[in-house]
Structure formats: structure tokens, C-alpha cells
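Pasting the structures in now, so scroll down.
Paired with chain B in one complex and with chain C in the other, chain A is shared by the two complexes that follow.
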Partner chain A sequence: MSAAETVPTPTAPTAAVPRKKAARRRPSTGVLAAGTWLAVVALAALLLPLLPGFDPLHGDFANPAAAPGPGHWLGTDAAGRDVLQRTVAGARASFTVAGLTIAVGLLGGGALGVAAGWFRGPVDKVIGFATDLLMSVPTLILVMIAVSLRGPSLSLIGALIGLFTVPHFTRVVRAVVLSLSERGFVQAARMIGTPPLRILRREVVPHVAPAALTFAFTATTVAIVAEGSLSFLGFGLRPPEPSWGGIIAEGRTTLGSAPWISLAPATVLCLTVLALNYLGEQLRSKGGRG
Partner chain B sequence: MTSPVLEVRSLDTTLHTPDGRTLHVLHGIDLTIGAGECLGVVGESGSGKSVLARTVLGVHPRTTRATATGSVLLNGEDLLTATAGRRAELLGTGVAMVHQDPMTSLNPVVRIADQVTESLTNRRRMPRRERLRTAAELLAAVDVPDPARRARAYPHELSGGLRQRVGIAAALAGSPALLLADEPTTALDVTVQRTVLDLLDRHRETRGLATLLITHDIGLLYGRARRIAVMYGGRVVETGPTEAVTETPAHPYTAALLRSVPRVTGPLRRTLPAVAGSPPDLSRPTPGCPFAPRCERAQALCSTDAPPLHRAGAGHTAACHFPLTPSAALPEKAEETAA
Partner chain C sequence: MTPAALRTAGRTAARLGRAAAVLLLVTVAALSLPHLMPGSPALAALGPTATPEQVAAYEAKLGLDENVLAATWRWLGDALHGDLGHSLSTGVSVTTELADRVPVTLELFVAAQVVALGLALPVALWSAWRPGGAVDRIATAGAFVWLAVPGFVLGLLLIWFTAVQLRILPATGWTPFTEDPLENLRHLVLPALTLGLTEAAVFTRTLRGQLLDTLDQTYVAAARSRGMGTVRLLLRRTLRPSSLPLVTLIGIGIGTSLGGSVLVETLFAVPGVGTWVSGAINGRDFPVVQGVVVVSAVAVVAATFAVDLLYRTIDPRIADERR
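And now, the complex of A and B:
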């Protein structure tokens, strides 16, 4: 039990065990890199728009499709707009959609998963059928239809993508609750007359949280990629407003002559998704059995 | 004797498992425990000991549906017919359970103080300071050293023995009249076992707590339990004062169980006699004695007819066609009051 707290042995023959101990205290290089990248993107998206002269819609007509260099670090697009500024501003769209997705997915999936796993029987069957049904719907196509009917809005896109992550959250949470409800301490709580709602709050939810939050990382990347795809296809924000998918779409006609227009947001999107997936995976391997 | 704390009369429990099987687990159980008295329930795995405790509590695994007939009287109040609300009220305050495995019965993410006081905070709000103080008092009562600090700790910071003390403190928190201890020392090493059992004895005596001590180790009951009930195949096959049951067992199963206890005296290398065969399959009930297939004294009658209650002495009965001891000269009727 207390082995984890002891000082790591310097002369340990195999690297596996001591490395794990060290990882408890100090994040690995990979985790640091991924975390730093996410922090940089988030801070840039939050803080850079506050700087004077930041205007992702302003076109520098003297320099259309200029190569990266001083003045425009990542070059400009066909309308002379700064690609770096547009990419930074585009993060807002991605993060808004991702945030909404997580909120809807966690709340909806968490509640349904706890209900299905706790009550079992008919409740579980109904929820299971509903989630299966929802999973069989082609997500992107349905969002496109919704956007063409109601007009593009980040909250609509976020809420809809969130709705489609609900079944996945439900399954993750349900599995944990199922195994939890027969654990000793849950039974012990029932045996001293703890009311069901208190058991759920005290014994079940804290044990469900790690798995649900780990899955939230995966759901975030799904949301970011989905938002990018929608914008690329023209179902995201209206064109002058920047979003990663939209900028990539604008740059694809000049991919041969001015590749940076598409490459900059594409690289940022890839790295962000990679960082989120990596962190999620690390969490899973560290605390998955939590 | 004053009226008993727990009186179980012809209790039958049937479990409906999630895979659709119906198990008739308990058959006509009769038990009585008075205040400050310890009844030892002995039996091998699958004899129905734990189901007995769970039936008294009315808490079964969530996947299992249980039906019980007969009566379970706690201070004269029938728990089987009580409303769900009344039962929930009695859990923790009327009857409490000490669990088998202190490693799993404590929630790893909740502080000791909050777990020890749970049966109190289920009923009324308690500020944090009071929870810590009450928990420290309860922990001190079960000999946990440095109780104020331990109250703030999490279960993983405590050793197995300490955790079981925490489990006992949590069971005692609601000042129950009846304590069910389901193999409370099975998960502990031998030296700790003794201190934990002594602790249970002390609280039983000082609080006048009725204790049902479930174990598969008959040796553990010497000098602790005043009476023993031996369970086999969901039935109480023999019951009586500890000395009588262990010294002059009337039921062949009890005798076999006693023979399989390792002894300190005698030759060093020898084969320990085991009870041949395996416990009965509960999903396939037999009309006769459940022990018949494994019994060396069994005759044709045993597998067809349910054994009668044999009176072996004062308050000592066994359910057997061919008991090991001669019948006591007392009339059959008297045992109702003596038991």
C-alpha cells in the first residue's frame, strides 16, 4: 500500500516500476509538451484578440497571399488577411463548440449512464435502445441539415455534436456504475441505511468522474474535428469569420502557390487534437482503473 | 431470560438471481439472541450464513430479488413485515453489520471521519467539526491510536487491522442493539484477528450488544460465543451451548467439522481429515437431509425424509435421523422455550 509513497530506489533493475513512481510526482516530457501546447493555444485565443491592431478580418491589400515573413509571421491569405491572426481567432470557434459538446455530453451522458447502471432492468433497456438509436444517426449529415435550416451558429453546432456524444458518455458511465453498485462500500452504505441519492452522490459519482473526464478528452477532439469538417464544407461560421476548417477551405485553391494558408490552421488543428488525445490516453493509463 | 433482541422464527429465504435461477437458500431457520449474548454461526461456504445476515438486514445484492417468509423479530418488531421506511430507519441504529473485508467495505475516496459517522449523518446534518470529534471518539472506543489524526485520513493510509476497527466503529456509531459480524476477521492475519474479536467481545459486554458472529472457523468461537448454530445447506443442523456442541456433537456434520480443525497436539505429520464431497447445489433441492450424500452414517431414509429434531441436551438440538448422542430424557415440547 505505502510502496507508492516510498522513495524510488535508484538502483532498480527494471525501469518500468520506478518510472511509474516518478511519473506520479513529475509529469513526463510528453505530458508537459502536450499541456504546454494546449495552454499556448488557449492563451493565444484568449489574450491576443485584446492586443491593438488585432483584426483577423482586416485585409492588407498590398500583400495578398504573401509568404511568411516579418509583419505576417505565417503569411497572408488571398485577401491579404494575416493567417496567424485568423488561426488564433479560429481557435475560438473550435473551443466554443468543444466546450458545449463536453457540457452537453457530460451532463446528459452522465445522468443517463448513472440511471442505466444504477436502476438496471427496464430503465437500462430503454436508455440502451435510445443510445443505440442515436448512435445510428449520421452525425455530420444531421448537423448540416440543422445548420441549413436554422443558419450557422456555434451554439447549435456545439449542442448537436454534444447530443451525439451523449451515447458514448452514457456507455462509459454505465459500465463504471454497473461494476460499482456491487462493490463492498456501496453495499456497506446500503446496509447502514444510507438513502439511494446519498449513495449516488457519495459513493458512485466520485468513482465515475475519472472515467467520464478521461472520455471528455476524446470527445473534445471529436468536437474539434467535427467543427473543422463542418466549416471546411461551408456549414460552420460564415466565411469572413475565421474558423480552422474555414481557413483550410479558403486556402485549398492556392495550395500550390500559397500552401501556408491551409497548412497553418491544419497544423494547429492536428497538434491540438494530438495533444488532447495524448493527455487523455495518459490519464487513461494512469488512473483508468481509479 | 428477558425478551431476546433478535428472534428468527422458521425463516425461509429464496433468492431470484439475475440469470433467472431460483435458489431456496434458507430453510426454516430458528435463532434467538439475547442482549449481551453472542451467537456463533458456523458453516462452510454456501451454507447460507451470509444470506442469513443479509435477510436480517433486508439488503441483498441489487441484481438479486429475495423473498423471505417466517419472522425476524428485532426487539419484538417483525422486520420482514415492516415498511421500507421503517427498515431503513432501523439500519445502523437497530441493527448494524461488520463486514468481512475492510479493504472493500470502505470507500477509498471518502475520509474515515465521514464514513464512521455515516449512520448518524444519514439522519441529521452534522457540521464538519462535530463529525471529526464524534469520529475521533468512536475511533478511540475501538482502540485506534491517534484517533483525531486517523479521522482525517483516507482508508488507504490505514492497515488492514485498523480498517476493520474503523468498520466496527462505523457499525457502533448508531448504537445498534444487534451487531451482525460476517466473518469479521477472515481478511486479517491471526494476531490481529484476536484483538479484533476481543474488541467485539468488550463492546458486546459493555453495551449489552447482541452479536451474531458468522464464521467458518469453529475454533474461533471457543470462549466467545455462548451458543453455536451450525449451518449446512441453508439449515441450522445443530444448535446448542458452545461446550455441548463442540464436546459432544450430535450431528455427524458438526463432528466432521470438528475433526477437520487442525490440532496443536498429536503427531506432527498427518493428514487432516476433510469432509468429503461438496456442499449441496441449492438450485436442486432434495427432500431429505442436505448432508446425506456426504454423511458416513447416512441410510436410505436420510435422502428421502427430512430429519426430525433430535434433543441432545439442555438447549442442544440437532436435525438428524441417526444422531451421535443419545436422546435427552426431556420432552420434545420443552425445546421451544429452551431454544
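And now, the complex of A and C:
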């Protein structure tokens, strides 16, 4: 195909062999820190909204734009709403979008990648054409158009961002499948007459999964950043519904007097993306050298 | 023609055909956008008091009165004559407005590349010169952390720091270069830094990895054994073959910059293609949106093509390889 193929986004570890021994080693401090942070954010997003008194839309009008302190740990925004509560609620929006993105990307890209790498020839050509098509349209603009025409909803945003990650998943998976089909155990399975679907299920999918899951970390960060960007541009959830990009955008006007309104959710967003990148990178280096 | 030349020509023709097919489908998709809107776009735009004649005129303007393929055919015919339609809100020709705004977006893109390369080249070369050294470790870790900062957050931080805290640069706005070059530069700094700093992290990581890979090649070892020092080796023998992924990144970047600059342009109120299309989407200005989507796809496809050709110039070995 073309030069676009060398775009270094998804570098697939070629046929990662699952290693049993490495899994028993103690995880490093970095992995622990990244995992803990993600767990804290996820648990907060899941559990805090169950607490009585949790209302990210409630404005404490006596304390607008209050600095971080007791009562409001991360301060309040211009309408007196608690920034911490809004950030936690925003995490739900981000994680919902990310979950959908991965579901669509993994399923779509996984199926297409396996098909392209397994059947090659015309099937590969058609799938390659489809990925070229998807990659030539301006992604953000298209999602903005869809949101403006159909109204903002997390499912629409997640599904569309997922659709645009499909070409990348496809490439990662296709590369692994291509290299696998040359390998001895797959050829042996073929030679003794194993039905193709069984080879796919027993031999190919287990080897493709690590690469695809590793890329899922990247896709998650892409989804979180894209959702943030959309909300920031006003094409995400309608205010006052909280989302990270939305809260950050709302704090823009008071950046001089109350910087925490933007900076608190921005910090949480960056740390989350950093943690996901780090875990993905660790997985990648393990798988690649396995 | 030699058989090899024939093969190259055949492959090029096949790829051109494929590119044309991609663009045709993007055009069809762009022109079917109004159809995707729930309800009647005409009534939504004109209001419930519109007369049937007004509705018919509006639909004719958008090509809603014919099927999508016929509309695409007509649109493509006009486009080949340089006519991309007229904005529904201002009535200005899309072609004219694009000609005004593309240079702004491209200027921003070029400035961003200067920032990104200015940082990435020396840092990556230094890292590859002393891998595992202090500079390398700081740069690698720094680039990794930096990658986690999305463009809109970085832009916001830059505004907060330079415009709110230090008050040295204008936060938003634009002055054309032809009017006042110095003011133009002052307005360019923050958006270019926002785009460029993010890219610098990607560039550094890519180039460093590629440089180290190239340094492992046998011909580099041969040059080393002849007594060539690492610095000369890096600059003379390694940089050029290692720059291919970077060329790809920048080349594809030119293509995607038209559609991808929405965020930075909106944040800093730069009157480029991005702010325009963002406003057009909000205002349901379909001809503008369609024009930008198609032109942006053309740019991506053309950039991909150009990068491929450039590859062969930078690394002649590629021309001989067959897929």
C-alpha cells in the first residue's frame, strides 16, 4: 500500500507469545502507580455518585469561584458548583465514550484485520480501500457534523470515534495475522486438516489478542482526548452536563481569577492519559520482546 | 520502456485510480450530509413560515431535489471549474473564502513544524549520540509525559502563562502578515507553540528510535571501523535514511492540517479553515462544510502520494524494492 502504512501509530508487536513466567514477577512501581491512579478515578466515577449530597449540577451560590479548601477540595466554578464533583462526573462521560470506542474498534478492526490477513488477495484489497477511505476524511470535523445533526449523545460520540479507530486496529491485527500465517504451528494445523475457523479460534486469536489489547490502551487515550476536544469546542454533552473538556472550557474565561476550574480537570485528564500510555507502553515492550 | 519502468507506471496508475475512487466516495458522503439531518433542513433553516417556493429554492441550492449521485455529478462538474458553491449564511463563494483561509492555516502549520523540528532534531540527535545518557533519559521521559497533554490543555496553559500571568503575548486574534508582519508573528507564537510542542514529542520519539535502529546497520559499523566519529556518522550517514518516518509525519500532517486545526484555531481565534468550518457546522452551512471536507480529503490523499514519491528521492533503495 502507500506511505500511510508507515505512519508510526500502531506498531504491532509481531506475534507476541504469551509469557507465563513474566506475569508472576512483581509489577514495577510505575505500573503500580499508573494502575492505582486509574483504579481511583474509575472507582470514584462509579461510587461517588451513589453518595447522598453528590450533585454536580447543584450550585452553591454563596461560594462562586471559591478557591480549593475544606468543603470544596478542588474549589467551585463560576456558578458555585463543586469542581471535584463535576470532574468525577466528567470521568463517567469520558469512560463511557472510551468503552464504546474500544468495543467498536476492537470488534470492527479485529474482524477486518483477521479477514484481511487471513484471506489476503481481493479481501485484503477491499478492506485496505475501506481503511484508506476512513483515514482520508477529517475525523474531528466529521464527528462535529454528526453531533450537530443528530444531537450530542455519548453513544453517538463513542461509536463514531470507535469507527475512526477501526483502520488502526485493522492494521495492527492484520500485521500480526500475516506474520502468524507463515509460522510453523499455523501451517502445521492447516496441514493436518484443522478446519479454518478452528485454527482462527485456537491458534490465531490468542496471538492477536495481546497486540489488539495493547493498542486498545492507545485507543482509550485517543477517545478521552477526542471527547475532551469535542466538549471543549462545544460539540460534546450540552452544559451543564459535566464532561472533562466541557469543564475545562467553562473555566477559560476565569483563567486569571480562578484557574483551578480549568486546571483541576485538566490535570486529572492528563494524568489519566499518562497512566494509560504508560501501561500500554509497558505491555508493548513486554509483548514485543517476548 | 523497460519492464521495471512499466511495472512502476502500472502501480502508479493503479494507486491513482484508487485515490480517485476514495475521493469520489468522500464527495458522495459529503453531499449526502443534509440527507442525514432528521426532519427537513429547509424548514429548519427557513422557519415554519416559509412558502413552498422558498423551500423548493433552498432544496435546489443544496441539491436536495435530486438524488445524491446526480448532485455529486453536478457538484464535481462545478468543482472542476473552480466553483465549490456559495455559503448559505454569507453568500460568499466557498472557493474565494478558502483561498483566503488556507494560507492562514498553512502559515500556522509551517510555524508549528519549525517549532517541532527545531526542538526534535537536536534533542533526538543528542539522544542517539549518547543513548542512556542524561539528555536521552530526560528527553525520553519528558516526551512521554508531554504526549499525555492534549492540544487544548496545552493551549490553555500557554494562554494562562503568557497572556494572563506575564501579559507578553496576545491570547487570541490575528493580523495578516501583509498588514503587519511583526504583529502577525506575535499572534502566531501561541498557536504555533501549541501545535508544535505537541508534535515535537512525537517527532523526538520517532526520530530517536529510527536513528538508533540505523546506527545498528552494518554499513554504519563499516564506516565506524574506518574511523568515522559518531557525530559525523550521525549527521552524514544516519540522519537521511532515518528521516523517512519524520517525512511521513510531516507530509501527512500537511494533509490533515486543513481539517485538524479546528481546535487550535478556535482556541486562539485564528481565522483559518478550522474556525470557518466549525462555525459552518454550527450554522448548518452545508456548502461550506462539504467544500472543506472534500478539499481536506484531497489534501490528505495528495500528501500521501507526495510522501511516497519523496521516499524514493530520500532513500533510492526503496525504488528497487518490490512489494
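Everything that follows uses one rule, which is that the second predicted complex is superposed on the first by the 264 of 290 C-alpha atoms of A that agree within 3 Å, B and C clash if a C-alpha of one lies under 4 Å from a C-alpha of the other, contacts with A are read in each partner's own complex, and residues count from 1 in each chain.
As a working rule, contacts are C-beta pairs under 8 Å (C-beta built on N, C-alpha and C of every residue); 3 or more make two chains touch, one makes a residue touch a chain.
Computed from a predicted structure; not experimentally measured.
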Overlay on chain A: chain C relative to chain B, clash or fit: fit
Touched partner set for A:96, first chain B, second chain C, both or neither: neither
First (chain B), second (chain C), both or neither touched by A:170: neither
Of chain C and chain B, partner touching more chain A residues: C
Chain B versus chain C as contact partner of A:282, first or second or both or neither: neither
Contacts of A:120 with chain B and chain C, given as first, second, both or neither: first
Touched partner set for A:214, first chain B, second chain C, both or neither: neither
Which superposed partner A:144 touches (first chain B, second chain C, both, neither): second
Nearest Cα pair across chain B and chain C, whole Å: 8
In the complex with chain A, residue positions of chain B that touch it: 57, 59, 61-63, 88-93, 96-97, 99, 101, 103-110, 118-119, 122, 156, 159, 167, 170-171, 174
Partner chain B, residues of chain A touching it in the complex: 1, 120, 181-185, 187-195, 198, 202-203, 206-207
Touch list for chain C against partner chain A, complex: 15, 18, 21-23, 25-26, 29, 33, 36-38, 144-145, 147-153, 156-157, 159-160, 164, 206, 244-245, 248-249, 251-252, 256, 258-260, 262-263, 266, 277-278, 281-282, 284, 289, 292-293, 296-297, 300-301, 304-305, 307-308, 311
Interfacial residue positions of chain A with respect to chain C in the complex: 2-4, 6-8, 129, 132-133, 135-142, 144-146, 148-150, 221, 225, 228-229, 232-235, 245, 248-249, 252, 255-256, 259, 262-263, 266, 269-271, 273-274, 277-278, 281
